[in-house]
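In what follows, structures are represented as structure tokens.
Shared between the two complexes below is chain A, which has chain B as its partner in the first and chain C in the second.
This part shows the complex of A and B:
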């Protein structure tokens, strides 16, 4: 029994498994960075939507409706690829000479010098930004709605105290907005957490990719333990992992809402 | 102009797969969701716990992982079960697994919507029905269900659109067999051929947007019909406020 246990312990801590555990950092980074960017883009989008100028309002509402009208995975794939191409296109206009342009046989990039190689860190940052962009559109609507839920009386009181428009916005409006925005933002956070499972689509060796590699059937004893297709076990672990993250997030947001709702309307709680 | 029409034509066979996945999973998911919602509301603790657990698990985990998990699970039964029965070609086919997983997923999300609506059914109406001596079945058929579906319809419309969007990841998790490619795989392959990300992904987005609009239109018609007893039926907006 103890032999068995020792064997499984050593199997679960071999190099490949340790790499798998380490790859959780990508998922966690993408979720946190994506979440933060989503709030920032959401605030920016809501500001645009509330703007006095029609053009800015148009930009704000186009952003929130277009990004939400297409699947998240489409935008998630499109943004990093498009960004990479845009940078390469800009580089090409700077570094390419007629000779190098003529020497290039592939369709893209225009010349070899303009090629931009993206490793895991770059893709991770781009993935976080695109998560932020996609879910920022959801957050835009949440925050826009929350801004309108702040009681007018509060703002009037602030104005009556002689606060300027900027002061009213930053000291009263946005501070009180969070209580109304938190339930919606908690939903957006759950969506972001779930979307982090897509990182492997951008060549990042994340938890999903490693689960696939570790569980793949192995028939060569030289490579390691001989086993059948064990992928479903690894995916089951991930399945449970995500459920636990959701559970923990729910609890955390519940506590946060209770705290943020102190002294403000009781219906904002619950 | 012709190049644009050619581009659109390239995607036309692909969108059929997305529509197939959505159409195959929505009716089953709808029926399953009704039972799950009733199960969650059930007084029987076992049924209630099981339904709650199912809904929580499938709403709390990514669809992408669900695809991988269920596909690899079916794959591991291949030699012991499907092959002897001669069912491998069917059970392991993406056109079967895809709708299966999507059905489970949408059943959980829809059940949560229906459960919320079930709780919002006016208590007085149910009490009145009971006072009339209606049986449980009659109460559900005559009072609870009509209320429930009217309350849930806008959110359900939103869920259907989300489900349609979710069909975009089916072929990222399941094997692509021959020419059976959905919109995302088509866009990705075209991109890998000529690196024109803006064109191919925009056209793919256009297709998704167009079908989403059609869904909103059709479900809006149903909503109007459901609400025909009201003096002025509340109109459905293209983008309801709910998020999945």
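This part shows the complex of A and C:
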């Protein structure tokens, strides 16, 4: 029994498994950075949608209605690639000379100097931005709705105190908006958390990729422990991880809700 | 602000291209034992990793081995993410149109069908069979070109996934490199066995490079010639492939 325990302890702490445990940081980073960007894009989108100018309103509503309809997997594949090529295209217009252009036989990039190598950190940032853009469109709708839910009387009172439009927006409107937005935003957050399982699409060795690799049946003792298909065991660990994240998120949003509702609108606190 | 972002982007691009020129980056899949896999410490290991290190030592190159999914391994080579592919890739005319190959470092090897023990399939008129292969491999191409009309061809991202689905009886047969399934059949205690004919597709396996890397190609070819002549390559093949060979010693 103790032999068994020692074996499992050393198997579960070998370098492969340690790399797997370490890869949770990518998922957590992408979720947090993606969530933060989604709120920022959401605020920007909602402000555009509320704007007095038709052109700005059009940009805001186009963003929220089009990006919400695009599948996140597709956007995940499209955005980093398009961004990389756009940067390379811009670099090419700056650094390529006729000689280097002629020397390049591949169709892309135009010349070698313009090539941008994307490693895990770059992909992680691009993935977070993609998450932020996709779910920012949902957050736009949530925040837009929440801003309309703030009682008009509150804004009128603020104006009556002589606050400028900007002051009303930042000191009263956005402050009070959170109470109405948080339930919707917690939904968006859960969607972001779920979408972090897509990271392996961008060559990031994330928790899903490692669970796949570690669980795949192995027949060669040179490779490591010989075992059959163990993928479900590793997927089960991911299940538990995501359930724990859900649980922690609910607690955190409960606390945020309490904080955002301080002193205003007792009915918004449920 | 815009200028700042552009300047930052320019710095990143210039910085990474400058770095890329110093070391030769070799991409492997890391999921195709015994050619390449990730060992218990999580680092790439296998025949191709040992061979890559031998080639780099022979040619006095600084090399870095990175892993990349099989599916995107050629596009990412063309995009310049790395300089060389060593991932159990067979030389084919189709691949020659987009990339160049060095001379072979693993001899052409027949592809084999494997199935769960006791499966009976009539290979003379194959129909209604679920055939598994790794996507983008010569076997997948062969199956899709020749067998897809009457059978179901199912492709997987990694060869390991195909084996897992065979073990779970979701497939009738797997079509794969003989040297890949050899150890699996040997280690399966008789549950997985060879079935049907051996089929020769493709030439040997070789390292792939972009077409504009003539200097690097020549350097690698010289190193491979030297390793073939001094018996290093035969030794590595025998070590990783259960005593196969020798193929190259003069």
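Following the convention adopted for this analysis, the second predicted complex is superposed on the first by the 266 of 270 C-alpha atoms of A that agree within 3 Å, B and C clash if a C-alpha of one lies under 4 Å from a C-alpha of the other, contacts with A are read in each partner's own complex, and residues count from 1 in each chain.
Simple rule for what comes next: contacts are C-beta pairs under 8 Å (C-beta built on N, C-alpha and C of every residue); 3 or more make two chains touch, one makes a residue touch a chain.
Because the structure is a prediction, the values reported are computed rather than measured.
Colleague: Between chain B and chain C, whom does A:246 touch in the aligned arrangement: first, second, both, or neither?
Modeller: A:246 sits against chain B, while chain C stays out of touch.
Colleague: For A:90, is the partner it touches chain B (first), chain C (second), both, or none of the two (neither)?
Modeller: second
Colleague: Please indicate which partner A:137 is in contact with in the superposed arrangement: first for chain B, second for chain C, both, or neither.
Modeller: neither
Colleague: Which of the two partners, first being chain B and second being chain C, lies in contact with A:232: first, second, both, or neither?
Modeller: So A:232 only meets chain B here.
Colleague: Which partner does A:33 reach: the first (chain B), the second (chain C), both, or neither?
Modeller: A:33 contacts neither chain B nor chain C.
Colleague: After lining up the shared chain so the two structures overlap, which partner does A:108 touch, if you call chain B first and chain C second: first, second, both or neither?
Modeller: After superposing on A, A:108 lies in contact with both chain B and chain C.
Colleague: For A:213, is the partner it touches chain B (first), chain C (second), both, or none of the two (neither)?
Modeller: After superposition on chain A, A:213 lies in contact with chain C alone.
Colleague: Which residues would you name on chain A as touching chain B in one complex and chain C in the other?
Modeller: 107-108, 212, 228-229, 231.
Colleague: Looking at the complex, which residues from chain C come into contact with chain A?
Modeller: On the chain C side, the touching residues are 6, 9-10, 12-14, 16-17, 19-20, 30-31, 33-34, 37-43, 67-69, 72, 76, 78-81, 158, 160-161, 163-164, 167-168, 183-184, 186-188, 210-212, 240.
Colleague: Write out the stretch or stretches of chain A touching chain C in their complex.
Modeller: 14-16, 18-19, 87-88, 90-91, 94-95, 103-109, 112-119, 122, 203, 205, 212-213, 216-224, 226, 228-229, 231
Colleague: Where on chain B is chain A touching in the complex?
Modeller: 56-57, 59-66, 68-69, 72-73, 75-76, 165-166, 168-169, 172, 184, 187-188, 191, 193-195, 197-198, 201, 204-205, 208-209, 212, 238-239, 241, 243-244
Colleague: Spell out the part of chain A that touches chain B in their complex, as residue ranges.
Modeller: Residues in contact with chain B: 65-66, 68-75, 77-78, 81-82, 85, 107-108, 138, 141-142, 145, 184, 187-188, 190-191, 194-198, 201, 208, 211-212, 215, 228-229, 231-232, 235-236, 238-239, 242-243, 246-247.
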